[in-house]
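Two complexes are shown next, each including subunit A; its partner changes from subunit B in the first to subunit C in the second.
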Partner chain A sequence: MTKVELRGTVEAGARWKPRVVAFTCNWCSYSGADMAGTARIGYAPNVRLVRMLCSGRLDPIFILKAFEEGADGVLVSGCHPGDCHYVQGNLYTRRRLEVFANLMEFVGIDPRRLSFAWVSASEGVKWSRVVDQVVSQVAEAGPVGSWAVLHAPSTLAPQPRQPAQPPRQPPSEEEVRQTTLNLRELARRLLENGEVSRIIGYAHSAGGMSAAPAFIDTPEDAERLAWSANSPGNLTAYLSGPNRARRPGKTAVVVKTCDARSLGGLLRENQLPRDEVVAIGVSCSGQWSGGRLAAKCYACESDISPLADWSVGAGGIADGPHPGTARAVAPDPRDAEIAALASLPAGERLAFWTGEFDRCIRCYACRSACPMCYCETCIADKTQPQWIPAASSGPGNFAWNITRAMHLAGRCADCDECARACPSNIRLDLVNHSISRSIERSFGSRVEADPAAVAPLTTYRPGDPDRFL
Partner chain B sequence: MSRIGVFVCHCGENIARTVDVEAVCAAARQLPGVAHAEDYPFMCSSPGQKRMQEAIRDRNLTGVVVAACSPHMHETTFRGAAAEGGLNPFLCEMANIREQCSWVHSDPEEATLKAGEIVSQMVAKVRFDAELDAIKVPVTRRALVIGGGIAGIRASLDIAKAGYQVTLVEREPSLGGNMARLSETFPTLDCSQCILTPLMVEVSHHPNIEMLTYAEIEEVSGYVGNFNVRIRRKPRFVLEDCTGCDDCTQACPVVTPNEFDMGLSWRKAVYIPFPQAVPAIYTLDAAACVNANLEAANGRYRVLACERCALACAPRVIDYDMNPELIEREVGVIVIATGYELWNAAQAPEYGYGRYPDVVNGLEFERLLSASGPTLGELRRPSDRKVPKSVVFIQCVGSRDPEHGVAYCSRTCCMYTAKHALLYKHKVPDGEAYVFYIDIRAAGKGYEEFISRVMAEDKVLYLRGRVGRVVQDGDGLVVYGADTLSSQPVRIRADMVVLATAMVPAAGEELGRTLRASTDEYGFFQEVHPKLRPVETMTAGVLLAGAAQGPKDIPDTVAQASAAASKALEILASPIYSREPTVATVNTAACSGCLDCARVCPYGAIESREIPARAGTPPRVVAHVNEAMCEGCGICTSTCRSRAIDVAGFDDEQLFAQISAVARLREPAKVGAGGGSDQG
Partner chain C sequence: MTALGWHLSEKEWTEWLRVLLESGIAVIAPVLGTTGTSEFQRVGSAEEAAAPPPSRTAMSPKKFLFPQSEVLFSFDFSGESATLSQPEMERGRQLLVGLRPCDAAGLRRLDEVFLSEPEDPTYSERRQRTVIVSQACTQAGQSCFCTAVGGSPSGREGADLALTKLEGSGDLLLEPVTAGGEELAAPASASWRPITAEDRAQAARQAEAVTSAITREPLPPNAPPILASSFDSPAWAEVADGCIGCGICAYACPSCSCFDITDSGGAACGSRCRSWDSCAFSTFTRHASGHNPRADQPSRYRQRVMHKFSYFPAEHGGEMMCVGCGRCIDLCPAGVDIHHAVLALASGATLRVQARSGVKA
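And then the complex of A and B:
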């Protein structure tokens, strides 16, 4: 295990003074700091302000960057809710930072290092109090360089993926065979009458491997289509972005319930017009590999997504979404793993996660597998400025994995394909799932297949949770 | 290659007392890209600015950092000076070493170190500063004024008299608004109509004012200088050649409550709201007319059940086939002057409003007092036309009552209640007047004197306390209240009760959404800043006048209307509107077209746009920023995952450079970089 450091510097303890970077909005908090000056209200000299016009300008990546460069703590300060110079910028930020702070806590960052405050232009006294409080908190937390200590080989045993009792049995061979035949039948029909020009589905793989993607353009070729209980791939990844494999006209895509959520996301985010895609919902009782049910399937309630234009199962082909009867579900095993991690001391959590991210080789397989990673240019590939160090070393890996997680916040369909694609077996599924859960706790919203549903981080409510000082 | 000049100000002793300015200069000279550094006692003074300008010229500087006070203090000064020195003003940055350093730290060593770091932070930023030019948008030199009450009238006249075109839109058939309903106005007791109607006539005759009554705003698009407005004019069914002879009204068989008299009198279906109405054109109220039931789906009368008005009309101006008319106007600025209405006092059932005819609200009482009102100025109560011998006035009905009504003070009620009591005593000298109040708020010019006069000379009895309930007793009312000054319960027999009900906005959220102007929790339009920009909304070019922004009396409304007009003229006076260039721009090559930026933009400044893609593929949809509407907040930038949108002046590179500069440890490099290597 190599050492991962966010900043590999440990200073002599006695001379160390905490360094806090404060991101402030121009109108309230920067003016509040000015006000402290005008009124000669002193405060600790360890804070450096970075002025933006609005706290809504703050991207969590700024905070990662500050830590990476050596800041021991970060303060974000904006106008009080309702006072934002830009109407509601601070309310978006409040949501974004709620999710980010929960994620930071989950990966074991000492919460004393990350503070948020509302300081108005008249609150010079509050500004000085907030700075003093933040600086003393950060002083208690110690120099950021000491994080390196935590990156010594993890004392944690590798997390055994304890399979809980699955709520359902794998489908019978007959069911699988019938579903395959029905899929082929529908595919032939759609291609023959010219309704679609391409079908993206699954094909058999040899040797018990999971199903491979298949791109079917002719009715004859429909014979290649197959369905098995080991078809985990999320084929909506081929609908947009760099993997885009649509043909002119309509493209049909075979979707499981989980995949349909990302299809809904792509539609919501204008990545393709609804009338250019035909969703073939395939009746899925869960994805099985090596005799184990995939974690994401335990709590999945519906065998066919409501977004389906066609429903295909062992029983036949139906127009529109035809969900089966109610079925057995069990608690999501990822929740148990997340709870187990959350119960560890922060330091051990950080050790676990830096250990995980340490293995990242920056192959970006997670990005390729993800339908929601469709950006024309990924922020990881940008160099002016280079927010994410390109090397597969500690700071870059931390920044990449956290930034990707934040970019998926409120958008992730929970399909776990990133974790399956990861050659280093990094538990990306737990990162993403913990964010989904934190959004559910904080804002009461889940990622929906419905393209008209509003994504939680592109909206706000006046009564959102508020952890600002 | 950057050639940056650093200018460190002593600010007399303000900075130099704690910060070693020479040391800061010396440190600045060591920074990469810094070509020049000097200190001076007062950089903002004329010789100080001159030194900077000379250095810009002599040392051929590409950027300037002024280490002095807060950018909120002198950024404009120094940017102006830099521009005079031949440097683009946006290449000048302030390092705030006074408010955020010398004034808050006492230890010279700490303060000097921090000042040096702030300078290095701003040097890092200025290296990425780009030359920016003010954004210029053409201005359509016409104003739209929404609302034809006193606020809209005043604003329209001020703008029109300055020589610019005005389109004034009023939803009622006549100008005048609530002020036309008032009897006399405090504290001077001018007759309201006497001061208002000449202004209404002036509006109707002014060559620069286009008056659209009986019309409402349907849609507004565009931005400052270039709004497109669609106005829906309801059909009057009477042509503009109407002579106002009243023959149609005489002939009309239908009677319906008269809104202008607050329902205290009747009018015909074809009517003029009040004799002095402007325009003096009659209106056929389609909802009241017996032909209304025959109205066809397309809004045209097909079969007429009654034609008496048309038959009585000598000039033949009644046209049953009139249709709603859609009028499009291009305007440069918009003034919202939609005014107020009264809170429905029936929501406070203890006062019996709506249940007892002799419990009336303030505007109803105004009509009963008015010489043009239903009783022609003789005060008689609604139930039996008897002259009330005792009247109880209750203040703060709905106002200052967050439980049942609204939390705010409606500001006018103390004064108009005193006026009501006074006018009542003048009309009924032997009558008794009681006023229940919480406090008396009489903060205007001559207001306190007015209240004192009412109390002393007109013998109105003021009781400090709230009323518990009002009940009907025989042909009178009984008011149960408390006098908190004597701690006694009070029971008063009254012939009439007048409620000073809260002012609530007449138009709120819906118009706000149409105009992209935000409203507060009560629906009043929100100003940008109560002191710095009190008549502007967050949407550039949309201005506020009168009670649409908050409860106001007539003097304040008129003053604010003139203020809004002056702000409108600021924009209309030039064919070009210039604004700060610190706005967002889209890098279309990197944009994936998810439009999350448009979802979070508070100004609706981002829209989708199709651009040609590679040959053979359909056009791509990308985000596009309307520079005239963008305020530069950067919410879009932080929302954009691929950073395809960035905001000038606070862009990613500028912030990245600053974060690196301030977060970096100052210790020798040997401690840092090698940290990971020992592990292999």
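And then the complex of A and C:
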């Protein structure tokens, strides 16, 4: 079926018949479908097969592309767990698709449109049953047809964001000043001793930011360094990828507790050698802007990350991670917002999220600000094939934001930098945080600062949740 | 120009907008959005358009002349013969109101680019059916620097009609700047009071107060030639410290005009689309071979600054391709400040030396 045919079905109106794209693995499900054919077992003719070597090859962007091109439903099918031709490909995909399906549900895509099945080469009968079931489900859900359907105006009233009482007070001016002085002292020392050749930290800014990134290469220049109760910017974004600003030798980087999680991620993913980076943990009581504490800080338990090589606070400088005394935390306000969204009917959720993504201007600030978006060529910049439509429009914006979220699944450090950088205030923080929570629910693991911790989507367990038919 | 301007009450102003709306003109004005920022939007009622929120819109109004993405044509080879089709465009007139003088001036810079030969047909078509009403600023933001680049918070460049809201009474002064503006106002203006000398005096006092509230210093008059000779300055790396290569500055800018062309669809049918592009992206200059003449972020940032403050002025009688609206400064996630950068480059001092003297603990 060509794209033209696929699109043609949209106009069919009363003659509408569901079109389902099925991604099948070469070794089991494709052969299973073949078996159904040779055995003359009938099944609904609405399914079009895309053969892949392994269900592990399935990138969720294939599913988005199928929907974008007019499919009403998608089926992914592979070998039964334990039967994978490549031993474990389907077990990885089971995890990945669990996360993807939860995300699709969170943004309000009708779950009847997305199905998964294990079908072996001998299960022609099962294949027939699965296809019939999937097609009838999709028929019930009705046509997607065009993405215009996804642009029902939201009936949601704008929700004022009134987070709960913060668990802590902002630091005093004196604490901030002392921290700044200690930071400069340590920076001077490290640069004078030649221990590091560059320090990536914050400086006061003439522009719109209270503290802007600054690269310090000489002991004299250390005077520019500053700490503020609002020091946004995850500076580990300058350690690797297109924004890499490391210098030969060691580069020191000022990190908050959240930023250190992405440093751990970069080390885990072999983006830089541990001995070329010096982490300066600054005692952080949370990020305060206009008297409000950033949502990500409510539940943050430690003012200094365990990854810190140096700890700097108002009280002084210490070698290694020296967190302050135990501090008060409160429930993460993002969880309440996610729960409120999740309680809405799917159509309302979809309207909310398409409304959010409609504001996307495709400036890619989310990607640029993100330490974990280190690809030299982003999938959004690829044109052959063009996976993500370049135009700022419904399908392109949806595909971009969902794809980026999936690329960060199990890797996102939860620093909310994407949401801060977004000039359109799209709630990317809720997208990413909802994925983190779904991973926690499904696999019991979260993103850790420890570089030795295994990232949740790079592993599997035999007893993982299984939504495959 | 025969008419010199009119003094309108808020009621008269709203009434006029209502008449225009009812005549089928699309009225576009700043509207407070759900996220607390304001944006230019097509409005449904005169009341919405008459009372714009005081905050500057996050994005400039340029998308109403130069859309972020637009299909230029569609092609279809699936039948017997190839067919090309152009998308339906709106044909009605549009009225942009509530533009700050910098925004109107920014659109004038776009005219320079798109209306000079070879003229851009879709831009030109939209421009011809657009009337622009600028509104004098009543306050200055900390990132505002229109006065540093030859503008003014009460400037009229690019406007067809200039509006000034009088403090105290809340009345409005509406003054025609172009024949098009006067023509639009003509049917209604017969019943309006003419502007008095006293009105003008108050408007001038207000303009002066806002001008003096802009704290950012003017660029030296010889900034363009100094920049032109600073191509190899090491200061570029310093002023672009931290630039993360996103497209916010170019997309929010009222005068940035660069775009990219992409084909979408398949071999049988599809469309050619143009979308905004940004010189901050690495893909902006990447060759098919993979070679990139602007290999790093400082060289891309240099292009941005040079284009606005050196290359463009050299070809346009000293006029800069920056109107000082300050959006790029406010929105930059990495704190890059274009006004600061140009001053640093033009003064020959490096940013680091400058900043060091000015930083408090």
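Side notes on the structure shown:
Note that in this section the second predicted complex is superposed on the first by the 448 of 469 C-alpha atoms of A that agree within 3 Å, B and C clash if a C-alpha of one lies under 4 Å from a C-alpha of the other, contacts with A are read in each partner's own complex, and residues count from 1 in each chain.
One rule holds in what follows: a contact is a pair of C-beta atoms (placed from the backbone, for glycine too) under 8 Å apart; a residue touches a chain by one contact, two chains touch by 3 or more.
Predicted, not measured: the structure shown is a model, and the values here were computed from it.
Look at A:452: by the touch rule set out above, it reaches neither subunit B nor subunit C. By the touch criterion defined above, A:34 reaches subunit B but does not reach subunit C.
In the superposition on chain A, contact is made by A:393 with both subunit B and subunit C.
By the document's definition of touching, of the two partners only subunit C reaches A:423; subunit B does not. When the two structures are aligned on the shared chain, A:326 is found in touch with neither subunit B nor subunit C.
Judged by the number of subunit A residues each one touches, B leads among subunit B and subunit C.
By the touch criterion defined above, A:203 lies against subunit C but remains apart from subunit B after alignment on the C-alpha atoms of chain A.
With the contact threshold set out at the top, residues 2-4, 393 of subunit A are in contact with subunit B in one structure and with subunit C in the other. Against subunit A, in their complex, subunit B makes its touches with residues 70-73, 96, 98-101, 103-107, 110-111, 113-114, 117-118, 121, 518, 528, 538, 582, 589-596, 599-600, 602, 608, 621, 631-635, 637-639, 641-644, 647, 649-650, 652-653, 655-660, 662-665, 667, 671-676, 678-680.
Considering their complex, residues 2-4, 158, 177, 180-181, 203-209, 211-215, 220-221, 223-224, 226, 232-233, 237-238, 242-243, 245, 355, 359, 361-365, 367-369, 381, 383, 386, 389-393, 417, 420-421, 423-425 of subunit A touch subunit C. For subunit C in complex with subunit A, the residues that touch the partner chain are 34-37, 58-59, 68-69, 71, 78, 142-143, 241-242, 244-248, 250-252, 260, 262, 264-266, 268-269, 273, 275-276, 278, 281-283, 297, 329-337, 339-340, 352, 355-356, 359-361. Of all the residues in subunit A, the ones that touch subunit B in their complex are 2-5, 7-11, 19, 21, 30-31, 33-34, 36-38, 40-43, 45, 48-54, 56-59, 62, 65-71, 85-89, 92-93, 96, 128, 145, 148, 241, 269-271, 374-379, 382, 384-385, 387, 393-394, 407, 454-455, 457-459.
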